[in-house]
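Structure first, commentary second.
Think of it as A, B, C, D, E and F in the order they're written, each chain with its own count starting at 1.
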């Protein structure tokens, strides 16, 4: 009968690291079945659990603009109930993924190729930034505004991001704010600018 | 490779039995005690569960600018573990609560006095707006960008907002984006504008 | 790049306050979409997110008896999945909201007008009471028996209560116990009284 | 003001795809470790996961009054984080477990020996009762008022109850209401009776 | 007005016991109604909340082989949304419940009769074992491999197990690994043995 | 005994209103702060949110045996409270990741390079398999036994796996079963084989 010494050490280490309190627990409510199968399928086999939509990215020519390819519940229904999803992010040289939030999950970015400037702002208005090199990961905490920028003028960058929800959602802030017909006056007051500036921003972001 | 026929049958059976609905998606994980008492208190009595910080608002002169007064876990520790909190919103005539998100909760606004234009944008970039009159409620779904505006040039408005978390958090977008030293270039690219416009916005929003 | 000193201070403060352990975490499971729209609506607009059922309370004559007006998932379906709801409580002079529990949420009461005696009993049978004045808030922890009483013989009181669930539910104890045909003998034994007293209580509470 | 047509379409698509089902609403947030070991233990072995406090019940003489023996987080700390606990209920002939609620869990009662009248009242004031025989189970839904009664004048009954929380908590209503110094007037108003009756009930339930 | 001294003491005790941090909180997401009633029932009464499937076990002759009888959501639909279920385990002399896991819940075993050797292995590969006597309980943490063995060559054993989910699920490892046509080569490599041994194991476990 | 007609009507009404949909079952409880910062850090900056432990894998020579590199809460504490983590899986030609489970999360595998045979077994003992090519994803549902095998005798394979928990945990079945001193007799009975075979398997898997 073994002792739980390694578990114990892990807890002790945490205790030392985090000193005292700990505020935060996190976990996923379960579904009541192994998975959620579509009722109109008469047979479920391994293909239901497979997503092939990213194959096209393998060996493809680089994207010409910043591009996100998602594998979330909408594209891959087998993820429903499993609390996890992916996005692949392609950054041609000098491109940016504009400031955005995910309402339903944190994002764990894995930089597979190239370099990337990343950052997020917490609810006390602190900016946290980092320059990542290939192989680095960065965690964008749940619900906070964040962005990525490939500052390299020559080389593209490629990242894979994981989410702790099957449907994290994305709120892109430039378009949410300036491409959805929110009243010019409200925006001018909110951004402490004039209506002309708001209209110019709206013109630039028109879909 | 087997079919998932038995799992499928179980789901089908449920479908037959329960016919349609789906009831339930939302709820709060419980704590393991009735409440969380601070360990440095030798006695806990009714005052621990009482928050008097809003008394000052009763009968006070109107605010001179838009003002939020919070009663969340930070101000009122007895809320920890109870999944609920409040904010009181004061809108002098013509003022706005700039676009923002709450990373950890939806917001249910109750307009106690005056009128208010409200809106939010969902993750598919649809804007939903409404003009509220006194007594109306409006729900801003979890994690989405929303705003309120008192369009009345004469009268102030007063709202109480409830949150389904003891610590909903607030991300105010103008300051998050333009008052936290995010690189000018990144912002210019993201908002499809020039660096001069970004710098002008930053100057206007400087704390 | 800013330091997270304010976040850090917040955590340190909590550490000081709560000294050691950590008991309690609370949060709301998310839905997989921004909101849950009824399928029989062909168009969803701002009115779906608006509840006008409390307008009637504005400027209405005072209630003649204690009265609860709810805005929960049953009255306001847009709340489904958002983990928050409201009730408005009107207390004419000298009236009481009888002891009750909410099976699915804590209650955060905001006393808007008048004064109110409030109390709850925890699972170790301790009573916590407080006399609230206008502007005060009081938290009734999840699932515990609580009550409110307007002891003022002249003035009415008005409170708004928020719940961290779209459907908190209410179990009113006098009617649950004595107006639902629970066997007289069981009640007599449980309350260590005689059947005649039980029957008298039942008669008084008959709907 | 935009319609939510795209959100709607996504939901409709899901409806078409998945047709009907989906029931699943319930589950337990996970801890971040296999179990939670006390930090003052230098070695954790199998005894930490064992509870021997019920041994005394085996072969013991019957209880002389209704008696509950608990195995929850307070008595058996290894349950912390595991979302499950037990109670053993002993009912001598003619005894009752008074109306009560569990704030943090449903109760699944398994009648091991004897017969038992059981019941609960839902939030719409419906009473559900059943007479159980040995081997039967009955589920008391989360947070609702329920009771058990051994109507047999000769034989005792024995039940085991499981809870989906390590710390379900118990609110016994007779003592919560009439043995905690809630003001006589409030109780008299709430139960629509007179102060004398309240005082008589309190006298009978005095600890 | 009582002080919360007993609650406080409980918290202090926990603080002393667990010394510092505590990593792990666990609770059950609520449903939005008291219970989930099947839509094809026109009337719900007490029988819906009653499960009689275990009556047959009372006074029945002992099982001739190890046998599990479940009362989970599949057999007893009223458990849906209530986060709790049961299994009854019958162990004739010398029989074993093979190593298995429950993907959606911990298991709290209550040994009603006989003796039992039990054990589980944590994620750091520590084995925890215990020999239980009648009246003992043992907690098998969520998702870990565990087993039970009645080492007594004469007497049978009987246990009741509670789960903190209405649908805990069971993954029996011998059959999952060796009775589901996983490729012989993969199994041989995984178990560091030869294909012949794998085929012999498969032959022994053929349904 | 009353019928639950009003509860039933409420459910029916919802069924009518919402007709069908609502899938959402899964999500992550929130923490009460943006992130959980270690208390012994006086300054938190971008490096706290960065994990560089995978840099070594970039451009490194291929692994000589199957190898898992994790980025979970233990290696990367900023993940605590964020419900997401990663593992990188390296498969030299002809190697296998033995059957295992993750007690606290589903696994979403992204095959970055090479080909891979994958499979899992559900709780009704159905095996689901698939042969993946580069760019494919496969979801292994929460808590189920699964494996991966690089059947290619020439080329290695590389996969990244995401988990919807900061600490998914791994239970490797060959070592859990045959390298933890579980009693030979219990294993022989469970796997319906003889003690000699069990001992041979144990010898092969000795650490």
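The rule we apply is simple: a residue touches a chain if its C-beta (ideal position, glycine included) is under 8 Å from a C-beta of that chain, and two chains touch if they have at least 3 such contacts.
According to UniProt, the chain labels map to these proteins: A, B, C, D, E, F = Germin-like protein.
Note that the structure is a prediction, hence the values are computed from the model and not measured.
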item	value
Listed pair (B-C, E-F or A-B) duplicating the D-E contact set, over half by residue number	B-C
Chain separated most widely from subunit F (Germin-like protein), comparing mean CA positions	C
For subunit C (Germin-like protein) paired with subunit D (Germin-like protein), centre-to-centre distance based on mean C-alpha positions, whole Å	21
Distance between the centres, which are taken as Cα means, of subunit F (Germin-like protein) and subunit B (Germin-like protein), whole angstrom	34
Whole-Å gap between the CA centroids of subunit C (Germin-like protein) and subunit E (Germin-like protein)	37
Multi-chain contact sites of subunit D (Germin-like protein), meaning residues that touch two or more partners	1-5, 7, 10-12, 15, 18-36, 39, 44-46, 48, 80, 103-104, 119, 122-123, 126-129, 142-144, 165-166, 169, 180-181
Interface residues, subunit F (Germin-like protein) side, partner subunit E (Germin-like protein) - complex	1-5, 7-8, 10-12, 15, 95-96, 98-99, 101-104, 117, 119, 121, 123, 125-127, 142-145, 147, 149, 169-183, 185-187, 189-193, 197, 200-201, 204-205
Subunit F (Germin-like protein) to subunit D (Germin-like protein) touching residues, read off their complex	1-7, 10, 19-23, 25, 29, 73, 80, 103-105, 165-167, 169
In the complex with subunit F (Germin-like protein), residue positions of subunit D (Germin-like protein) that touch it	11-12, 14-15, 18-20, 22, 24-25, 29-34, 122-124, 126-129
Subunit B (Germin-like protein) residues touching subunit C (Germin-like protein) - in the complex, by the definition given at the top	25-36, 38-40, 44-52, 54-58, 71, 74, 76-86, 104-108, 110, 112, 118-120, 122-123, 128-130, 132-144, 160, 162-166, 180-181
